[in-house]
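First subunit A sits with subunit B, and in the next complex the same chain sits with subunit C.
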Partner chain A sequence: MMGGIDRRTIGRWALTGTAALTLFYILMPLISVTWLSFYAQEIPSFPPQGYSLRWYASIVGNERFVSGLLLSVQLGVSATAIGLAVGVPAALCLSRFRFPGREALNNLLLLPLMVPGVVLGTALYVFHVEAEIATGGEFQILGSTVGLLSGHVLVVIPWVVRLVLASLAGFDRTLEEAAHNLGADRWTTFRRITLPGILPGVVAGAMFGFVASFGNLEMSLFLVGPGRTTLPIAILQYLEWKIDPSIAAVSVVQIVLIGAAMLMTDRFVKISRVV
Partner chain B sequence: MARLVLNQLSKRYGDFFAARDVTLDVADGEFLVLLGPSGCGKTTTLRMIAGFVEPTSGTVRLGDTDVTRLPAWKRNTGLVFQNYALFPHLTVAQNVAFGLEMRKVAKPEADKRVAEALELVRLGHLGERLPRQLSGGQQQRVALARALVFRPDVLLLDEPLSNLDAKLRQEVRVEIRKLQQSLNLTTVMVTHDQEEALTMADRLVVMSEGAVRQVGTQRDLYERPADRFVAGFVGRSSFLQGALEAPQRFRTAGGIAVACNADLAPGAATMALRPERVIVGPSELTEVDNGFPGEVEFVSYLGGLIDLHIRLSPQDLVIAQIPNREDGFMPEVGDKVHVGWTTASAAVFAGAGSAADSDELQPD
Partner chain C sequence: MAAGTTAPARVEERGGSILSAASLIGPATFIVAAGLLIPIAILFRYSLNKFVPRLLMVEAFTFENYVKFFTDAYYIGVFLTTVQVALACTVICLVLGFPLAYVLARTRTRFKNVLVMLVVLPLFVGNAVRAAGWMTLFGSKGIISVGLMGIGITSEPTEIMFTTSAVIIGIIAVNLPFMVLTLQSVIESIDRSVEEAAFSMGAGPWHMFWRVLWPLALPGIAAGVILTFILGMNAYATPVLLGGPEFKMMAPLVFGQMQLGNWPFGAAVSFILMITTLVLTMIAGFRLQKRYRR
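Showing the complex of A and B:
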């Protein structure tokens, strides 16, 4: 009897302990990078010799970081918009219609999620080169904004498709019939009934798609043109020259941006429910 | 409201007919109930009227128009779904207003009609709630208001009460019927609950395996079933297999000669008996044309009524339902009794029953 209670208590402690350890493991880098970004000295060493905001000031003054951030946000927003325009109808077709090659298309749309970024980047790079040759070099694709954007769209689509599909699975289709019965044609029904019903999936898909695009490094490395770098690339390039807390400050800015987006999404949908 | 006419309406899936040559004429303001066992094509028929299932052949006329090829949103039908299908992100009032909005009814007029419709179903005070904040019965009434508010040509109900508890079902049943009568709504309802069908309908349609077996009033179906299936499905019947030897004489499989009144050619036949028309007594019965000795095989005590299975011969079993009176006679299993019935209360149908029909001999 006593032994039973003891074992249960031990079990509970073990569980709590493991959870705490995991949380610590996840949070540690975030905490330390945030701490580091406030260090006063240039060479990171412990203990810090004081705190300052100079690294935040320095990134605002760093033209490459600012333009990188700008490009990354522009890319992320445009890629997400296009990804939604393609991904939502694609998910609808996949869930509504039975057609030959449906399974193949389903897998194809999820592929960019599984292919390593380097492979994706190389493939797109080669494709762009080929395309330029095929068009007689008349259009500059390689290193163009269009080329970069099309790559990022590819990163966004699987997230949108996957999360919208998950939402559609839980969507009651008799609601659409009810709308038809009340006089709503297909488009009105989609706009007024279906879309609000799958909004959690759409919002979450957009959110994750944006984050995936915003943080993408490997694929972008192959696609950026001279003088135009995304934020992750700008960070990488900076790191090649020196290590100082301004990198930490940039990371904190990124974390805050993504965290804010997450919180905003969470107001629409409990993220833990759709992923 | 309008008259609804279905003409030879069929729906085929592969070579399976979900509905076969359904022909019905629903008068303006009439309440028609489709009744039948599970899978007999009731929902399919209703959905063809609403425009969700495209008929393989046949036509649907609503008022003066042939709507067979019109999409659902261009037909003016009001459908109440079994699960109500209320829009979860819209308030009760917005749900009810949806049909008016689609018809581009001006806002002040729409608001007025929504309020009226909600008042009609006694939910005037709940317009601002979301559907999930309502009880099942309230949701059902919202669905009804939503289907009525735009004055559909025909109201369609697919088992509208099946998600309500027994007590509520009885109340709502009466409510719907009153509403239907006061608004003079042409209505088609699907159910497989007989009591529901009997209490609500002006006329009933009995379906089986996709086909209409009989159309008529409650009385028509009960007193003059068109065939064996209807006799077994509407109310209860017990069946005696055998053959018609002459228009007035039926011989059971067990060799018992029964006087009857059939206008059929002699040959294999089935006799259907309503249990409450079968008289049971301790001694020989004099007041009926047919009296036979038998042995009680099974007794089922139903409170006010008692069901008896009485075996007349190794092949012949009849079910009798007798009132439970204080002074009454109360047979037990194994008792020797006498049973009888008048010729008028037995119906005879041509053909022998199939094996599946023997299920109907069991009490339900």
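Showing the complex of A and C:
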């Protein structure tokens, strides 16, 4: 029996050790890019010759990254708003009504998540080309903000539908019936009873949707116009050319923004329960 | 939104109910159907067109783009590289991810939420930023190369950038959070007492893992494997940045062809990528399901 206990202890240590290594592995790129952003010299050679904050100061003057950040935030916020406006009712419908083809509709709404980003980008690109031809070239769709936004809405919808649906599954419907019996109409019932009940799902859907839109790279690559790029694309294009502390500082800004969004969401709903 | 203002609450007529169901789900369905299905149909149509240099695209009905892909050694090479890289990454993700998922699922500390957030944060930060992190480490003057020379293992700078290893290391890091989170949720659903039962009957940890945990976790393992495989097949930023211009996988190939203006071939490669992913995923899902039933 003693042997068994020893083996269990060894097993536990091996397990915890591997888990810690894996976590370190996952975090390593974030740690190293943060470190690089504080290097004093421009060439990313190790060990650094000193540390400096000047790369952070230089971001403000970099038109490309500032406008990329603004465009990404605008896109993320608008796409999330539209995604919530159409996604929450859709989730309500899927959980409340039984009708033929319900499963198929559910799958359809989750489909944008399944289609590879590059395929989605290519498909939307040719769609925009055809749309421009069909309208006689009067409207510019390719590379326009509207075209880009429509793609981002597609990316947000599955997250909202999925997380709100999950929330609705655990929601006690007798509360709604009680509200009905007390004379509340549907809209009041939704606003005062259902919405507060599924709020964690709505917040999580909004946050995941925003992050999916904000960080989207592959699809957006096909849809941005000349001279107007989102932040992830600006970062990618810079990195194709070179790596230096200034791009590292921009990356850290993105890490901090997303970390802040996560911490804010965590106040409403524990991240460990929704992922 | 519109649904709230339709029929009064207590009038549950059948017609009204269908109408409100339609008005609830209609907008989202329209956006996805028009914004995704139609574009994919057009993309497929494009893949049957002909590419003529100077004229770009000529309307046709031919499978020559698909034939070209599977008869040209270069493209077959790109295809095989992609499948191999995706497979390697998936296997390593499973091996590395399981212990972390297990610890996250079973931990009783109050830091659990923090740990989960540490796994989720890199996932949300995006692939380009994480590639930047690896580029810092991999360069010939980066910490790995300098460190190896410092210890005396190597005397020359090690060039990891622009190798297949660099791409695989990068994609594993990108896909690990997906694997870990999927496995964690399935392990959480397994009652801890079955593990205790195995131990109390004298099973060692390894034995318990293979005979109890693994079979019970198999549906989650299947989901995690499929997800990471799909993501590996479709990786874009990591191969572009860590593999360099010579290293080609399917997703960068699609982008390159579209940029060159060869839309029909780009469309065909997109379709090959999507269909291969779907088919391999279905085979994996089916096989695992069969084993699970037994």
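Convention: the second predicted complex is superposed on the first by the 273 of 275 C-alpha atoms of A that agree within 3 Å, B and C clash if a C-alpha of one lies under 4 Å from a C-alpha of the other, contacts with A are read in each partner's own complex, and residues count from 1 in each chain.
One rule holds in what follows: a contact is a pair of C-beta atoms (placed from the backbone, for glycine too) under 8 Å apart; a residue touches a chain by one contact, two chains touch by 3 or more.
All values reported here derive from a predicted model rather than from experimental measurement.
**Q** Looking at A:187, would you say it contacts subunit B, subunit C, both, or neither? Reply first, second, both or neither.
**A** Only subunit C is touched by A:187; subunit B is not.
**Q** Quick one: is A:178 in contact with subunit B, with subunit C, with both, or with neither? Answer first, second, both or neither.
**A** In the superposed model, A:178 contacts subunit B only, not subunit C.
**Q** Look at A:196 in the shared chain and tell me whether it touches subunit B only, subunit C only, both, or neither; answer first, second, both or neither.
**A** first
**Q** Of the two partners subunit B and subunit C, which one touches more residues belonging to subunit A?
**A** C
**Q** Please indicate which partner A:79 is in contact with in the superposed arrangement: first for subunit B, second for subunit C, both, or neither.
**A** neither
**Q** Between subunit B (first) and subunit C (second), which does A:116 come into contact with in this model arrangement: first, second, both, or neither?
**A** The second partner, subunit C, only.
**Q** For A:211, using the defined touch cut-off, is the partner it touches subunit B, subunit C, both, or neither? Pick first, second, both or neither.
**A** Second partner only.
**Q** With both complexes superposed on chain A, which partner does A:157 reach: first (subunit B), second (subunit C), both or neither?
**A** second
**Q** Under the contact definition given at the top, report the residues of subunit A touching subunit B in one complex and subunit C in the other.
**A** Of subunit A, residues 180, 184-185 contact subunit B in one complex and subunit C in the other.
**Q** Residues of subunit C touching subunit A in their complex?
**A** Residues of subunit C touching subunit A: 1, 3-6, 8-10, 17-18, 21, 23-25, 27-29, 31-33, 35-40, 42-43, 46, 96-97, 99-100, 102-104, 112-113, 115-122, 124-137, 139, 141-143, 146-147, 170, 172-173, 176-177, 180-181, 199, 202, 204-206, 230, 233-234, 236-237, 240-241, 250-251, 254-255, 258, 263, 266-267, 270-271, 273-274, 277.
**Q** Would you mind writing out the residues of subunit B in touch with subunit A in their complex?
**A** Within the complex, subunit B contacts subunit A at residues 50-52, 71-74, 77-79, 81, 83, 85-89, 98-99, 102-103, 146-147, 150.
**Q** Could you pull out which subunit A residues touch subunit B in their complex?
**A** Within the complex, subunit A touches subunit B at residues 172, 174-175, 177-185, 188, 192-193, 196-197.
**Q** Under the stated contact criterion, what part of subunit A meets subunit C in this complex?
**A** So the residues of subunit A in touch with subunit C come to 4, 7-8, 10-12, 15-16, 18-19, 21-23, 25-33, 35-36, 43-47, 85-87, 89-90, 92-94, 96-97, 99, 105, 108-109, 111-112, 114-127, 130, 150-151, 153-154, 157, 161, 180, 184-187, 189-191, 211, 215, 217-218, 221-222, 232, 235-236, 239-240, 243, 247-248, 251, 254-255, 258-259, 262-263, 266, 270-272, 275.
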